[in-house]
């Protein structure tokens, strides 16, 4: 992590700690829980797209694998939730390898369709063979660790945002390391990266796995929080939603993934008063924000701050 | 000059607020209930009439003086046919609006996702979805009720009718959503009891445009009848394909078929299609002395006058739920526990749109297969089969 | 046996021709801009619903309705391009694609508001008994759909290969800067591509509505299938999109017929993935062609 | 050090290289010259593994590297620059060099994310070394700027610096002077010579600027239409009839450059 990131991180932790105290309503906390779950998936996709330059329309597939594997293992095989969550991430990582090896040779739109196809296949598998079929299944155990079970929304809020913080630290460390530099290099020029001796293919696969693991962690948490899952939560629609979060927040900055996730999760809640029109208003807001904040919210904010600072320096 | 105008405005506002306060003091505090319907998304065919019904009933009840003088306020939220949204909306209703009861949601999945939340919040939920697990096991569903008939009941109605016609081999075709899946499971579960074998089990997606292939397979499997379990455009396309293929075996639809709109869309192809339907859609064809007749007539006519379309079976689920709650509020007062107890013990021989309800501590739905009539399409209209 | 096989084939052709038309719609815009317009499915829905509006609601004659539908769809394509794509000159490609998604949400919202959530249908172009070939049945409207698809392909081929405007549009795709240098109005070509693609989509919608009904939210499914068709054949190649569309349609139908209907979409997708893994640029586009373009 | 033996390469029907054999001695500056389309860049791309030869072999330090991918070749100690500058444009000058250090460091994916102590130590080392290289190529004052914002001359130097960061044994330079003015070209010549002398790195140079080539190279190989037409010291090559014929009628500019030197 860099200095600027540390400061932002401090503010971030402060906000997480403060929100439950301020809001005092589990409704807002519930929105927060879902925003956190989405943020986990979005951070993974942001690294994959913004730093490794690979697009994925299949994140819902990994999200679904995480949810289903963790739910089934803990419900039907009686494994402790923590163990089933970890196993779910392992399964997602293995599936990611199988997909990544052939798929990452593809570029642009072709990669998009390959990942989209993967996501749809997972969705069909869950629909056809998943426990409960299209109707889904319930009674999934709550998250528990060392004999203490979390059932309250506030508990989940802290758990999930705590994990977001951990994932964020890991990811920020990663992108400011040798590996992160290599990823950005690959994004800029694959030709030169090869000539510099970077393991282009290996790095791409690793990042793809990382994004899959984040998504599966989010999926598992979702399942244990909501305790009922059905395939419809893991359709292409979700993949596109996550993509939207990353783009709206700003693809070139990891904080953008979190901001994007929060904005896209909260927006429909704010639009409730529009009732029938909410879809229309939602679409319009998306279109306009994409058109006017092209680089994404966070990078634009960063630029503004830099400009202000520059002005301050000039004045002195 | 400007100042004067400003002062005048201030005075106006003050007077108006005092006036409003008095008005408020006259009317009693409203009873707030929440409603979660899938107004948009994949299950909007359910949510739309349910929402319309809720708005209409709220108006009617308040026009008649509310409940014990308290106006009824139904706060409707759209769940977008999605479990996550259902949970969020339920939390909003419980926390922000402090509702006494929640009506809905429209689908089984959404209802299931709300079970732990409602049990935690100790607030009654009257689901408008059909799935059996919503209210079973009753012990773990202390606060949960539902008004739609069980899918099993609809299946039993079809199988009973088939038995009489001497059909014992059927091919089924279901939509690959929660609705079709529930039907598929019920069809399989009940088949042995009626000595019926399912010789072909096909599926299609909610947005598929042609089901000829699946029907051809069913035809080749030697089935004596086709049962299609779906809602939305799928059932119309199946009907059209069934006619185009000249399959020579009867087509049965689920209770989702119960809308004149489907006959309109399928045109001539709909002739002869049989389905188990609640009495709501055939209210004009049941005898006058039937206990449901009067309310069905009033509901349907009011709805049609207001929305220029029919309420269909699904709007009826919302009607039943809201009327039950209104009665419970009237008799038991605005207390969550009292409302729950009233629903469980006092809804007896209670005529609704879905049938005659008999709730009990062992059954939080209270309907059986007698809630359905077998109905055939004849000359573009419904006809009850005997 | 033959009868059953033919029946499966006809079903596949019916479905496939729609995918093909959507796929071509993708190609037209892709060829001029490299953008994948994910609102393409909504163009199809607009075609079907507007046609219903003109014929059934306003009771206009068939041909007039068809012309009005095409004109309105073209206008919607034009508006979309002028309002959202043009102001974003030289923006990131991914951003453009996201904007098409956002536009598709807006279009869906408008359609829902105007037409509600019910499905719509109008009578087939020609009334009459379905045809029977070796015992297999094919509806007259299916022949219309396939015929119209064929006609669209031929007209587009002639347009892109025989007319100056068509050739100019292709040039924009390969190298917009060079196209500008030789005096092509790139902006106008982009606009034209949106109009053309909206029209092709709408024609598809008009043709399939009597078979498959049409409702406001059918668009995303059509877009996904059409996108797969275009990719399978190789982006940019109309011939590829048509063949891709038919392959996917027939694969779905054959899987439903001979394996299981629950798996039909999965099998088609698996085969799509396999094709991509072995031929990363689709069936009809060579790897070197792919390298010429950024996306 | 580098032995190219009988390389053939064609693209479609176009024969780009036919039976090319070149040897590069350790510590030499070897120039590849020839008219446009002679196959110089193709040969460079084959050495660095971007293309695979149709026939023939490339040996580096006695090992056959002809069919290795460019990543592996880079790790064996061959680094290069590109005719059309291929910098990491969205990264700073310093970061570009730091990427070059990738092959010489080993912090892994997970240990980086967890920020293990040794990773921190290595990171500091990378930074120190990279700054050193920037000093060496006189770009230290630019280290925080985005690479794409540099003028072309400095971009070319930076590309060389990035290649140096991998600590190569052999450095391939593809038209390093293209687009540079006379002063920048002089400076470039100095740097190339300095690299050979102080860092003992063997250099293969593809270049059109005859003055630069003649001034700094130890031996020259001349290609024309995919074949070697002459080989030798700058003096020998200049007197070669075939070379003169090959260049006559070619671009005037090259002719002038050639004449200017003689």
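Labels A, B, C and D are assigned to the chains in the order they are written; within every chain, residues are numbered from 1.
Keep in mind that, in the parts below, a residue touches a chain if its C-beta (ideal position, glycine included) is under 8 Å from a C-beta of that chain, and two chains touch if they have at least 3 such contacts.
These figures come from a predicted structure and were not determined experimentally.
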item: Common touching chains of chain D and chain C; value: A
item: Pair exhibiting more inter-chain C-beta contacts, B-C or A-C; value: A-C
item: Centroid comparison with chain D (C-alpha atoms), farthest chain; value: B
item: Centre-of-Cα separation between chain D and chain B, whole angstrom; value: 74
item: Chain B and chain C, separation of their C-alpha mean positions in angstrom; value: 36
item: Where chain A and chain C are represented by their mean Cα positions, the distance between them in whole Å; value: 32
item: Centre distance in Å when chain A and chain D are each reduced to the mean of their C-alpha atoms; value: 42
item: Junction residues of chain C, two or more chains touched; value: 112, 262, 265
item: Of all residues in chain B, the ones touching two or more other chains; value: 40, 176
item: Chain-to-chain touches, reported pairwise for every pair that qualifies; value: A-B, A-C, A-D, B-C
item: List of chain A residues in touch with chain C within their complex; value: 49, 55, 102-103, 105-110, 112-114, 116-118, 120-121, 124-125, 127-128, 236-237, 240, 243-244, 247, 251, 276-277, 279-284, 286-287, 290-291, 294
item: Footprint of chain A on chain D - complex, ascending; value: 48-50, 69-72, 74-75, 79-80, 82, 86-91, 95, 98-103, 105, 107-109, 112-115, 119, 122-123, 126, 162-163, 166
item: Chain C to chain B touching residues, read off their complex; value: 4, 7-8, 10-12, 14-15, 18, 112, 116-121, 123, 130, 137, 139, 208, 211-213, 215, 218, 221-222, 253, 256-257, 260-262, 265
item: Residues of chain C that touch chain A when the two form their complex; value: 30, 36, 84, 87-88, 91-92, 94-95, 98-99, 101-110, 112-113, 220, 224, 227-228, 231, 235, 262-263, 265-266, 269-270, 272-273, 276-277, 280-282, 290, 293-295
item: Chain B to chain C touching residues, read off their complex; value: 40, 44-45, 48, 173, 176, 202-205, 207-210, 212-214, 216-217, 220, 232-233, 236-237, 240, 244-246, 261, 265, 267
